[in-house]
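Quick heads-up: structures coming right below.
First chain A sits with chain B, and in the next complex the same chain sits with chain C.
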Partner chain A sequence: MEKMKLKMLYSDMRSDLDLIEKELEIAVNSSSDLLNEASLHLLHAGGKRIRPVFVLLAAKFGHYQIELIKHVAVPLELIHMASLVHDDVIDDSEMRRGQPTVKAQWNNRVAMYTGDFIFARALEYITNIQNPKAHQILSYTMVEICVGEIIQIEDKFKLDQRLQDYFRRIKRKTALLIASSCQLGAVVSGADEKTANHLKRFGYYVGMSFQIIDDILDITSTDKELGKPAGSDLIQGNITLPILFLKDSPEFRADLEYALTGNMTEDERLALVKRIRESDAIEKSKAISNRYLQKALKEIDALPASLAKKSLRDIALYMGKRKF
Partner chain B sequence: MEKMKLKMLYSDMRSDLDLIEKELEIAVNSSSDLLNEASLHLLHAGGKRIRPVFVLLAAKFGHYQIELIKHVAVPLELIHMASLVHDDVIDDSEMRRGQPTVKAQWNNRVAMYTGDFIFARALEYITNIQNPKAHQILSYTMVEICVGEIIQIEDKFKLDQRLQDYFRRIKRKTALLIASSCQLGAVVSGADEKTANHLKRFGYYVGMSFQIIDDILDITSTDKELGKPAGSDLIQGNITLPILFLKDSPEFRADLEYALTGNMTEDERLALVKRIRESDAIEKSKAISNRYLQKALKEIDALPASLAKKSLRDIALYMGKRKF
Partner chain C sequence: MNEQFIQQTIEQFRSKILMSVRHRTLRIHAGEPDLREDRLFFLLLPYLNGEHWNDEHEQSAISVAVIYSALAAHDQIKELNASSKSQQLTVLAGDYYSGLYYQMLARLSNIDLIRSLSNGIIDISEKKASVYDNVKQSFEKWMETIQTIESLSIEQFHEHFEFVGYHSFVRRGLLIRRLENELELVKLGKSSRFQESLAESENEYDFSHPWLVLLNRELANEKIKMMEDISQSHLLSHAVRQFLVDLYNLRLNEQVSVMRER
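Up next is the complex of A and B:
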């Protein structure tokens, strides 16, 4: 039922989202066949376009003009796409959403400059924006995402890290971009500052909640549902919340350390993933994700009732409960 | 003699350049051993720190404060360094200045994220700058360099391109960053707008002249002087000015096309490089570089006489005549 709600919600915005989709296709177009192929591969690999959706919904709290807000929705999605291609190089990922990654289909070199290219196109697109506040938010977001990529590299394969390190990472990896999407939609459409700040914090909490769910799903979903091996995060050295809950447990410590060596067989991987699924780390992580979700919903409580407000609530609830 | 002048000139700025050098080392420091090693490898591979030198000299036309101008000198050099590492991946370069490149010493993956890391650090550094005009110039410069990297990829291996395409490329690859270095030094130290614009154009013309010389030297220098094979540009598919002068010549056309296939033997490469050296393309290219140099010198003619003015002139003349 929740899924149906989401579909209806998207259908309300269908024509504007189609416009964004076309703009994205134009944005990644170039005179290089290889770049086109790699960029379109990435674009068509899908994704829920959740960032543009948040920009559009947040814009409804001001004076909604698609021709204005597309100037932030498009670069935000481009920045997200660019960071995904570089992440796949960093994580040495072969698959994403059931499709071979750019680095797997071509190589690291092509993935590097496809990411650089899409990032450059995002920067180009941003030069169309006149609003100085919007510029400032976008620059800040880009800095934080770039810096976040590096923090992620630095924290890799370190089992002994604090929850705080994990939260800092997912903040930069996910929450900030969603927070900025909400904030920018509001700012560009001239919503008042208080509303923009509520939406920004809503996006931040939603993003934190989403990423924790994502990290849980990496363990609880099947390989088929994920479109990549379950437990990929751990194998790639990305220490997520459920792992942090288990790292000091005598039953798990040695196995987690062994998993990080990269020497696990397929059977060992499946067995370890199964044991983690059955541990209390999953429920503990879900509880934290849910706490962020509640904080998100509280932020928009203060906003006047509207279809957009209801939609934000529906998306947040749907994403908070999704199975894969 | 010219070289001695340059040494003296640098010695005047030694303590401030040392400070920049230390800041660069701090800027590329991180908690990741691999990132540190790769970044320091790159930092110590040298380079003439020409961008900081231009920032410092331009700043002397205003109220010179090293603590202020270092905030632009450091990120400008970092942006330059980051673009070099990614360029080496794009060009598949094994050697740079007689040293193995990051991608050769490690691999494309490490080169990608070392470049991303250094770029992120440049962005972080920039957040220290309060001056909005300086921010704007730096953002614009970064966009153009990112876009330039892509144009360079798109133009690769295309023999049939116009001089205009070449000039557009080297503008983004080199001239813009030097123009911005000069302009930013002036702007941050509060020089008047007219002076800042003269310095910006000086930097632009100097940059164009430098890059043409660089492209000539890729052909006229020995492998040993270059620290990489002579004719590398052509073999990597980068079409430079001398090549554009020869592409329609019946004596050269077939050989140039063959060179671009990447199938040339070492002997064939040396023979082709020798023939290009002996052609009139070198003199024609030098003449164009010299025309840019003269335009550069004319820009600073209008500025009041000072030691800084003389130094800018000396560097421009030295770089315009350098042998490798």
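Up next is the complex of A and C:
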């Protein structure tokens, strides 16, 4: 149902997104049967393709040419895919989007080479863009994403974090790549600097809102909807916004500390998840996500009226309200 | 330029690379990046041999060394159960170094080199994956496979800056080191995926001798050819020649004894 809604939002770009999808298939084509299979396995598992969508929509504020802008949209999705393959090794994840992960289906080393392969394909692809600024933006983003992931591991299992730590982490983990998708779409299509900056900030705020919602859904969704146990973030030691709102509460503190020991039974996990769902932490987190969403919408208010502007607004609103 | 200068230059180069990639958490949990002396030597070979060398050459050479560190980090990930903090951060070290190499070349606006090197990483990843893909091929093909894995990125760097005259030394030198490492594993009673793949190919491709014999022979042959290349080369300076001979423990008497064995 949710995917249907998203498809409807993308309907104006259907033909261009179909082209991107075909290009993604071509891009992951490898002379190695194994890498081919592993990459296609990942590609066919689906995904929202929000990064290519933002690239295309942002490009509409400049001189839009799909044959040019595809060289940005495709690599951004590939970089996201490559990071997922490696993240599954880091998180020791067996399932993603209801499918076995590459590391589960083959092994960690194959996942490493698959990620390296996809990442290199992304760079090969984006070198069709000759504008050095585009490469500087993307490479900076990639380094920052890694720094964010390193910090995430350092912060794991540390219950006493500040909200500021969380926001810095999700900025690097999610918001930067969406911000760069928007900025790159604008820069490569020749949009003016002011417009590119509005779009970059729009992407940043949407990304922040998106990640907070993602962290909320990890608690509020069912195991089936998630394709993994609800509350996985906490079990894996990732302290997300709802948990930060509860960490000082006497009713929750001991249970949260216990959850981080990794000794929780299934029943205990379900009971704790249920209590968190019923607490005010979810509403407080939603309010913050919504605040970021409003900031995002304010950024695009400054842009000239167009179908692309309406689409950006609709997608941002959808992402802020999504239930899965 | 003498051997001592070469050694110092390599050490200074290593320090510059370490400065470019330093990250406290990674250093503590994933260790220092893999910066093997022979690779650094081959990257610097044109400079050490007196070729024109500017800041762009040096920055690009650093980025290629960082690629090797990135790929080497991912080679350290265990096939199963890589969930320790050290392994998690080694995965990220590889990704971080990959991002840095791209950032370094993006700052130089050298898009052609980014393209060439990423093309090479595609090839290297495919070749590395082949040992997990039940690939069976001739012994010669396996030698080409490891040669690509070991030397392609340095060759591409040399090619980009028109230093192609050094290719044969790079290819041979890095192949020798890989063969030595594989044989060292055998001595220690250990194995590798590469050796397993050789063993699996042995019957199907009807190798002329058992793979271990072929591996030993290949090492001896490559050392002889390296010695010949060095002694016949008009390109290499005396100091560079001597450094290469020392780096690979090449001895004229070794050449003679191996030839007698054959």
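The rule we apply is simple: the second predicted complex is superposed on the first by the 318 of 324 C-alpha atoms of A that agree within 3 Å, B and C clash if a C-alpha of one lies under 4 Å from a C-alpha of the other, contacts with A are read in each partner's own complex, and residues count from 1 in each chain.
One rule holds for everything that comes next: contacts are C-beta pairs under 8 Å (C-beta built on N, C-alpha and C of every residue); 3 or more make two chains touch, one makes a residue touch a chain.
Just so you know, these numbers come straight off a predicted model, no measurement behind them.
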### Query
Should the superposition on chain A be reported as showing a clash between chain B and chain C, or a fit?
clash
### Task
In the overlay, answer first, second, both or neither for which of chain B and chain C A:Met8 touches.
neither
### Query
Taking the superposition as given, does A:Gln130 touch the first partner, chain B, the second, chain C, both, or neither?
second
### Message
On the A-aligned overlay, A:Tyr113 touches which partner chain: chain B = first, chain C = second, or both, or neither?
### Response
both
#### Entry: Winner by number of chain A residues touched, once chain B and chain C are compared
C
### Task
Could you say whether A:Glu154 touches chain B, chain C, both of them, or neither, answering first, second, both or neither?
both
### Query
Touching A:Ala287 in the superposition: chain B (first), chain C (second), both, neither?
neither
### Message
Going by the contact definition given at the top, which residues of chain A touch chain B in one complex and chain C in the other?
### Response
30-32, 35, 86, 89-90, 92, 107-109, 112-113, 115-117, 119-121, 123-124, 127, 135, 139-140, 142-143, 146-147, 149-150, 153-154
#### Entry: chain B residues within the chain A interface of the complex
30-32, 35, 86, 89-90, 92, 107-109, 111-113, 115-117, 119-121, 123-124, 126-127, 135, 139-140, 142-143, 146-147, 149-150, 153-154
### Task
Name, in rising order, each residue of chain C that touches chain A in their complex.
23, 25-26, 70-71, 74-75, 77-83, 85, 88-89, 91-92, 94-96, 98-100, 102-103, 105-107, 109, 111-112, 114-115, 118-119, 121-122, 125-126, 128-130, 132-133
### Summary
Per the touch rule above, chain A residues touching chain C in the complex are 30-35, 83, 86, 89-90, 92, 106-110, 112-117, 119-121, 123-124, 127, 129-130, 132, 135-136, 138-140, 142-143, 145-147, 149-150, 153-154
